[in-house]
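Here the chain labels run A, B and C in written order, and each chain numbers its own residues starting at 1.
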Amino acid sequence: MRADHAYDHDESVPHTHPEPGVDPHPPLPRLDRAVRIGIGGPVGSGKTALVAALCRALAGELRLAVVTNDIYTTEDADFLKRAGVLDPSRIRAVETGCCPHTAIRDDISANLDAVEELEDTLGPLDLVLVESGGDNLTATFSKGLVDQQIFVVDVAGGDKVPRKGGPGVTTADLLVINKTDLAPLVGADLAVMDRDARARRGTLPTVFQSIAKDPHASQVADWVRHLVAHRRGDAEAHGHDHADELGRGPATAGMR
Amino acid sequence: MHRTAYLLLADGRFPSGGHAHSSGLEAAVVAGRVTDLAGLEQFLHGRLSYAAPVTAAFTAATHLSATRMGRAPSFAESDVKVPFLSLDRELEARTVSPALRLASRRQGRALLRAGRLTWPSELYGHLPKHPDGPHQPLALGMTAAAAGLSTEEAAQLAVYGVLTGPASAAVRLLGLDPYQVQNLLARMAGACDEIAAAAAAVAHKSPQELPAHAAPLADISAELHATWEVRLFAS
Amino acid sequence: MRALARIVAEADGRGGTRLARLRGEPPLQLRHTPDGSAAATVHLIGSAAGPLGGDDLRIEIEVGEGAVLCVRSVAASIALPGRDGSPSRTTVTATVAAGGELRWLPEQLVAAAGCRHLASSTVELAAGARLLWREELICGRHAEQPGDATVSTSVDYDGAALLRQSLTVGPGTPGWDGPAVLGGARATGSLLTVDAAAPPAPPAVLGATAVRMPLTGAATLVSATAPDAHVLRGYLSTGERSPYGG
């Protein structure tokens, strides 16, 4: 553990797993377009906070834009702008007709249109984050819409969530267990969540984080950086995969 | 194969973005004009009498032009685009609400995306280019032609879509009993068939002569809806 | 009854407009009502009630280069059923040359119980022509169900379609007064403004059931529904007044 890290660490927070060196996914296809990452998860698990944290961490180094399927008010836009996180012109809201699942999985046309409109108006992008509407554990993104997906659950939702599984927890490219700072308050056992997530996800990575303590979501930001570098074909990104990156990057400073 | 193509294109699960459009029902619900099954029935009768004849006639006319073009591929490029340009302009002149023009073009763009990938064809390239996409009836007529359907089937698909979009939105927005809503749609089936047959019968006419039915509240509530800060449906 | 009225307006060469032709026949009587402006104003003076079923009334209008013609009526027209149930028809055709302007601002059309009426207008505007066109339809006289009426408007600008609208009300059309069409309103109408020199007005909400909409082209349409003719006129006001009111 690096003592010089910017945020405090709780020794009880499990480390990111699986062990470095194994990535079960084939590399992203080299396409001449932005990396698209879906961010899904139940209502209140912290999807929007994660989007804001990623924007905070990456807006200065990547050309990025956000498509949100959540109910998005001008107050939300103002909040992100005031926080210096992202200019409203880089955010598109998509109406889902009360079907948040459908819009990201079965009929992705409105989201594809939103991504294309952003690319048309802003020019080439490195990264598009697609935030799903708040949903339950069964929501997943179509591969026609995103390259990789992050599923966000929080400890306040109960430590049995990883055990319940569901496509989000089981198959997401990255599982984020959020609000670890609340674990003692809600009586959630992070070790149980860690064990269940491993059981459900096999070799797929999981991150435990607290945006309250780490406002830049450092581990997730590094995972994203790696994907973007990989898409660009950066030589540096070759030779190790994202699990490797997660295992070695500065973000792991917070891990045991 | 032919019949299955018809069912695929009619299916609400066909990924052409329709689920996000309520065709004015969300605005009518929020304004308190539709609160129950009886209100939905009145709403759908209005859509069937006013929106469906126009949508279906432009769908059928596009289909007919596309099919004729498919049979005579030697047409000069400039000749073949004329009917579609004219259909586009005439439909634009019938769609007085800018919010509805945008909703129609966005749905057309989504349908075109799905159509091109489902039934690849050179026909799609003849649709007039517009940054927001082709009008939905033009995209539907073209997709139906690429899928090998008849003009009558294209018109029927258009009428069916006019009704099932808001009916499905009503189930979601008002929590209506889905069996009762299906029963309502089934009771309207005869009227739907008549409107579709009438639309197919005028498909050969010049675009200027096609129906131009206007429903004032459709335009007015679409404009109001577009000003809302938070919408669950795109239109 | 069949009747034809004809109005031809021309620039008088002194900045005003003269009426080169002004011809009507019963029940379509016309009167030139000079108001001191550069425009020529003509009032339609209909009979007390009508059109009646079986009537076929035509109005032809030509506005020449640089001329400004305003057409009004002294009272609402009331479409009534005829004895044999045949439909009534009013047909207006108008052409406006470059630099010319037509203001079509008649009083309301009332679709009385049992009527079968078709009001159909075709306007051809040359490039640079201006137009103000108001249609107001009242569904029935006081507390009465209307008959069937259609108001159909077709406007071309410089040879291309600008507006095609056909509004049908009455018991012959399922859903006509329902939540997708009029929502129980008894009055509905629109005001079209075409002026290539004026910047297009952005969309605006003018009231709970009234909006202003830019068309594709140099035109703006105000569309409204209202509980009565008075409220409707408030939405569709042009800021001008007729000497007969309205």
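We adopt the following convention: contacts are C-beta pairs under 8 Å (C-beta built on N, C-alpha and C of every residue); 3 or more make two chains touch, one makes a residue touch a chain.
These numbers were taken from a predicted model, which means no experiment stands behind them.
Taken as a contact graph, with one node per protein chain and an edge wherever two chains touch, the assembly forms an open path, each chain linked only to its neighbours along a line. Ranked by the number of C-beta pairs in contact, the top chain pair here is B-C. Centres computed as Cα averages put chain A at a distance of 59 Å from chain C. Inter-chain spacing, taken between the CA centroids of chain A and chain B, is 37 Å.
Averaged C-alpha coordinates put the centre of chain B at 30 Å from the centre of chain C.
Contact with two or more other chains is made by no residue of chain B.
Counting partner chains per residue, chain A has no residue touching two or more of them. Only residues 24, 28, 31, 33-34, 39, 42-51, 89-90, 92-94, 96-99, 101, 191, 208, 211-220, 223-224, 226-227 of chain B touch chain C when the two sit together in their complex. Residues 13, 15-22, 106, 109-110, 113-114, 169, 172-173, 229-234 of chain B are the ones touching chain A in the complex.
Chain contact summary for the complex, chain C toward chain B: residues 152, 154-155, 160-168, 173-176, 178-183, 185, 188, 190, 203, 205, 209-211, 213-216, 221, 223-225.
Taken together, the chain A residues at the contact with chain B in this complex read 71-74, 94-99, 102-103, 106-110, 112-113.
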